[in-house]
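First the structure, which I've put down as structure tokens, then a few questions once you've had a look.
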Amino acid sequence: MSSGITKTASGGPASTARLRGVAWYQHPRWSRLTAMVAIAVVLTMVTGEQGTDRDIFFALREDFTGPLPWIWLGLCLLVWTVREFWSEPIRKVRRASVAKSDPPVAWVRGQWRGDRRIRQLVLAALVAVAAFAPMGLERYWHQVLVDQIAIYVLLAIGLNVVIGWAGMLDLGFVAFFAIGAYSAAFWTGALPVDPPFELNNFLVIPVAVLTCLIAGLILGAPTLRLRGDYLAIVTLGFHEIVYITAKNVEDFTGGARGVSGVEHFSIDMGFSYEWKLDPLPYYWLLLGFIVLLVFLFMRLEHSRVGRAWTAIREDQVAAAATGVNTVRFKLMAFAIGASTSGIAGVAYASKVGYFNPENFPLLASVLVLAYVIFGGMGSIPGVLFGAAFLVWLPEVLRDYVDPRDRYMYLGALLVIMMIYRPQGVWPSKRRQRELKMATEGTVDGDATAAPAGGKVS
Amino acid sequence: GGDDSGDGGGGVTIGYQGPLSGDNVQLGVNMEYGVKLAIKEANASGDLDFKIKYKAVDDQGLPEKATAAAQKAIDDQDVKAVVGPAFSGPTDSASPLYTQAGMATVSPSATRPDLTEKGYKSLLRAVPNDASQGAGMAAYFDKKTDAKKVMIVDDKTDYGVGLADVAEKELKAVGIEVTRTSAQQKTPDYSATAKKVANSKADGLIYAGYYQDAGPFAKKIKEAGFDGIMMSDDGTKDDQFLKLAGKSAEGWYLTCPCTDPNVDAKTKKFAADYKKEYKEAPGTYSAESYDVTNMIIEELKKAGPDVERQALADALAKAEYKGLTKTFSFDDKGNLKKQAIFLYQVKSGKIEYQGSIEELTAS
Amino acid sequence: MSLSEFWDFLVLGVVLGSLYAVIAIGYTLVYGVLQLLNFAHSEVFMFGGYGGLIALTAWSPVTSPSGFQSVAYVAVGMCAGAALGGIAAYGLEKVAYRPLRRRHAPRLVFLITAIGASFFLYNLAGKLFGRNAAPMPTMYENKKLFSVFGADINITQLLILISAVVMMIGLDYVVNRTKLGSGIRAVAQDPEVASLMGVDIDKVVSRTFVIGGLLGGAAGFLFGTNQQVFYTMGFLPGITAFAAAVLGGIGNVRGAMVGGMLLGIVENLTVGFWGDGWRYVGAFAVLVLVLMFRPTGILGERVGRTA
Amino acid sequence: MSTTKLAKEPEGTEPTAAPALLELRDLRVFYGAIEALKGVNLSVREGEVVALLGANGAGKSTTLRTASGMLSPRSGEVLLRGERIDGIKPHNLVRFGIGHVPEGRRVFARMTVRENLEMGAYRFKSPDQDEMDRIFGLFPRLAERSSQLGGTLSGGEQQMLAIGRALMGKPELLLLDEPSMGLAPLVVQQIFEILREINQQGTTVLLVEQNAAQALQLADRGYVLETGTVAMHEEASALLADPRVRAAYLGEIAE
Amino acid sequence: MTVKVTKDETPGGKPESVTGDLVLETKGVTLRFGGVTSLDSVELRMLRGEILAVIGPNGAGKTSLFNSLTGAYVPQEGKITFRSGKGGEHSLLGCKPHVVSLLGVARTFQNIRLFGALTALENVKIAAETRLKAGPVSIMLGLPRARKAERESDLKAHEMLSYVGLDSKMNELGGSLSYGDQRRLEIARALATDPEVLLLDEPAAGTNPTEKRELEELIRRINTERGVSVLLIEHDMRLVMSVADRVMVLNFGRKIAEGAPEQVQRDPAVVEAYLGVAPQEEPAAEGQE
């Protein structure tokens, strides 16, 4: 094959056929069959026994001596057979139904694009539904909605600005959440050190935003020059530093034992109202924050600022040469994201009253990132959905699978989802275009969105 | 767990809140099995004219998940009382909700001292708090050893730090020199901290943390050549510690506000039943959870299945119950009236019961 | 801190650092060819630990082994760890990354897949092998061997050092001297053109993952030997090794070695001076400082032409 | 020379006497939904230089990329000495003696000149030193810079390196995509001279160029592509004389 | 820092000196990368309103010169002075790229660098609004100032697109335009920053003769109608000869010749280093109008 001079197209027909991949045994069907068997094996382990460290082989033995592998193998083979030999009729049926359903979809889309008032009306209706629908739920879900979903949605909205719009990979986002929470604790007098004067929780918000902004600038200013992945690790380091400091500087933060007794939100202006233990009022408050922020941020996206962010994301050198102050815009994104995170921190601290550094693990940053990308970077509805769905999912899974395995399913979902829908559930138009161009190879993309390696498949 | 069965129907349910997923799941499982065993035995015994059901709510041991978990227990009208929450952080964030709902929570393991200072009416703490354990450790060093200098290593969790703080204060109070350092939970390498301890010339060591870290730490301490007295706490008192530390566990003292179900004669039967049911030996807090559950069942028996939550809570607060591990009765803050700390030592690969510290140091 | 203590911590740092370096190589290799932060590499490492554990448990070593037995145990454990690590890495590439590569997905998507895969894998390991830590079966009695400048070296430490150095030298040879190495470097720089030169991209990428997996797995075994094996054991060393890779200049194999070593030493000196609570603060402060002055890491890649 | 035909010769193609070295038959290539080549027929005979001209976006690069296996046609065939090679991955195709100098040079920026050349010989067990010396003889500038990193070379030097690298694979058929783009006139002349020399030494060349005048002077035959189809196909001298070509590709004002 | 230059100061040792209204001037600019010296005491003197071409072999340092002028590279030695028509003298050495752009020096790139996923219009808008002052807060609150800024940039971008003849393609994505259109879009984007000096790096590379003619025309229009001084790097001699007022030749980072196109074309040093042959056929007679 590798003789010096290649005067012959070495090997003749058989070899070219093999290289062209047209021999029968090279049909992708067979590799799909192997994949199916592998999937059956994995599924057996996934759904099998819980192992124990007392006997490390226990679970494997139980799993593979029982009927489970055969059941899965059967199912997988069934799927494979259907896909290989009966897929055409199924696809036909589906195509027919898609074709039928198209006109109304197009009509709706046309209406949506065409009329601004319809858009506003629908949005208002959606907010109303979001506000009143939870009233029918159990209180347990109220708690989940407030303590987890709403808080993470806020975080995701903030991170979306940083990563979805400005294209900066920030792995330390939750550090600002922590800073917000500790600000709330400090200014309401819950920390070991006393504040100069105590503030109402609502007044803490601007203070916390300011604190996060400053922290964001301190972190951002020296590091934003760094390329995508370097920025990621530095922000990760920043997170660790904040987290460890919170743990270690006991005299100020209370250390590992955490902070308790943060006051609840209250209004005292003529009339007074206090948010207490009941989660619903908190829900409405947080919904208010979310709606407000979404409203403000949507304006940014299609403005000069949003465009500048896109430009930086796509080609920083060209953006700078066009007169875009890249450092300023990046800092702006960073600071806006940080402040959003800070607001979430204040809200969280005020709601639960007690928190400790373990509430802000690195994993949380990673999770928020996953929510944003899962939903569709850069797209507000996508991000809202992504965060809400992925926070909700483990909570319901609790009732269906062994709770210890919930994150395994979450992980699997992320992988599968990203493989089949890399742009996220509800991607933004700009990002989708970028992805499309990257896929077709016309655009190199930017530091964070460039195609990874192999352009040839 | 698969035993969640809070489906209405006017039954009586005992809840359990603790970590059933996440990093600290083993402790949570120890307790869950204790609770389940007690309920199972009660139902089987036939002296109840109603069936007790069990409902577990998972807080992953994290404060931010604890509110939702608590709410889940509260939402279920059948739940009359809850065993738990397991950890101090979740207890702190969940207790306001339980207090509001008037539901008793009897925690077999939340040991942070200040929890009972916050006026959580619902909270009964069926375990001596860290203050007693820290004091016990200090008393032992003071009375039974001639240690001049003790090094305290905490694991940077709220539990470890809290305990270490108390121990430090008490040791200093009796005139023993104390140095502090910490080794974060799951640190990739304990060698450096161990070396620090060995270099410190201390003749006593207290490790405040859990067995998962105490195991390798004990190994490294031995490798580093430390030869003073080594002591750890109830988080370490688990067979897992022996397994992880291997030979290096030899000689470690362990304190615990718990009696050992495997050792104590009264509780041999419990241990056997437990092992039969769950294929593993009872772990830390299994027996306490079992006791606490039985105490609740006892009160339920008296009050009947239709008892209001608040009424049951009041009854529990006043109750006196003699369990396997100790006699439970609470002061007006919800703390145990009698707080006994017991000492154990690892000898030839077993955790051997030494007796209550009070008795040991009295002599 | 006295000088002798300084040596103590330095020696410990070098040992830990050499492990970080070996793991960091896995990150850097994969980053080199795919520009991908392989978050799931920490799970490859974890599987390495379990590989050793499983093999040795199955073989159930005697309690006080002879010298020959000890060597055999270590060799078997290491090979099993490396093998399972390699398999995990191979599977990861095949299942989680190759389909995305085919679609030319943006790099962030790879990152999320990596995170998802990481979640899946460590939870699966927890499910299969139990969620408690397990010690590596005793392979030898960990005696003190000798001391340098008053710092003691024991068998485990020597084992770690020697294996790490051997692995690093081997890898350096592979990357810089062999055809696979030039294939890897070519794919790293321009995969399309590399394929025009006759480089099979898929094969090279796969092998890169496997090499990283073998090293990571072996490191996992060594880590387990040093302390214990548990299903989340990959996380912290993974993060540190990732930082080490960046510190040295990500994509640069020798950089990963330097970075790992440096972080190991900094960590241990931090622990020595201020206690373990500040361990990562020291490490990350060094990282941030270095990056501020050398934005592409210590031995970072050369910056290309801007226009 | 192996002229074995594939067993399954597609029907409808007239039997060719001596199969061309490279032949494209009715090639249709898509980027997503965009049809870049709409049925291109083209052949290159042994020892020839064939020029491929066309406006931007006409599909010249696409043609070359399909020939070297970087793209797979949706329909149509690529034949090398009568054997079908479409669908073969580029890394396998180099073994058959196809060398491709891609658009935009694309040298390995972080490898030295020598390493770049060695990469060109990746398909061999070890690079042929004589070949390397021959290339250094063709491009003395590269010899001077043999240990400089590829990324720091100037555009012209990079182009030379890219050609040299392809030659290291000892191709019989060299596909060149706009080798004169962005080069100084002097270098352009040099490159064309070198191409002539390479061709005389026995390498067949398929050349894509914007610089039509020089390309046609070098070439034996030429094809003109327009939006994905072959618009003209003639002897190079005839094309040089064609008024339409002169207007569109040689920049002469038609009036 | 600003450099005081008196107009009649002649650069020492240079055979000729350009005097007049200098818009861009460099003195002794030297740029090194490790061992490579890409610019070696380069003296550039550019008159206001002229089209100055920079030619030279590959690797001579032309792009490096552009990068140094626009702040992408910081030369180790030398001075770069930009004299704005609005008054004021600025040193561009070590200036941030976006500041250079705001001062009035715009550029295009040798390898096209557009924002591929943005539409042509958006590409230009980004440039058009860099001088506008609407900050994030006023945008989020929808203040009139923000709305006015949006309108202005829209107007400007439309104008620029129709100036280069791309108005029909304003909603197409930058990345999907044809090569020649991309070149023009890049010019439109540069123009939208209201430059006084426009630096074009091989704008004709990879374009066909027809496009080259259109480009030539565009450059002339930009120069005459908008009064923008143009600094042009190009390897296409026909274009250079027909469009440039003066030509400067670099080789190995040094200036080897400077002067009128015809004169430079015959310079033996230039022929030897760059052209290879002296022009036989008559070049397009006069570069101007």
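Labels for the chains are A, B, C, D and E, by order of writing; each one numbers its residues from 1.
In this text, a contact is a pair of C-beta atoms (placed from the backbone, for glycine too) under 8 Å apart; a residue touches a chain by one contact, two chains touch by 3 or more.
None of the values given here were measured: they were computed from a predicted structure.
Seen from the C-alpha centroid of chain D, the farthest chain centroid is that of B. Chains A-C form the pair joined by the most contacting C-beta pairs.
Most remote chain with respect to chain C, judged by CA-atom centres, is E. Distance between chain B and chain C, defined via averaged C-alpha coordinates, is recorded as 37 Å. Note: centroid distance chain A to chain D, computed from Cα atoms, is 46 Å.
Chain B and chain E have Cα centroids separated by 75 Å.
Within chain C, contacts with two or more other chains are made by residues 131-134, 192, 195, 201, 277, 279, 305-307. Shared interface positions of chain B, defined as residues touching 2 or more other chains, are 25, 156.
Counting partners per residue, chain D has 70, 89-90, 92, 95, 123, 152 as the residues that reach two or more other chains. Residues 1-2, 4-7, 31-32, 70, 80-81, 83-90, 92, 95-97, 123-125, 128, 170, 172 of chain D touch chain A in their complex.
For chain D in complex with chain E, the residues that touch the partner chain are 55-57, 104, 152-157, 178, 181-187, 189-190, 210, 248-252. Of all residues in chain A, only 45-46, 48, 50-54, 56-60, 163, 169, 222-223, 225-230, 232-234, 236-238, 240-241, 244-245, 247-248, 317, 362, 366, 369-370, 373-374, 377, 404-405, 407-408, 410-415, 417-419, 422, 434-435, 438-441, 445, 448-457 touch chain C in the complex they form. Against chain D, the residues of chain C that register as touching in their complex are 179, 182-183, 185-186, 189-190, 192-201, 301-302, 304-305. By the touch criterion stated above, chain B contacts chain C in their complex at residues 23, 25-26, 156, 181-184, 186-193, 195-196, 199, 212, 215-216, 219-220, 223, 225, 240, 243-246.
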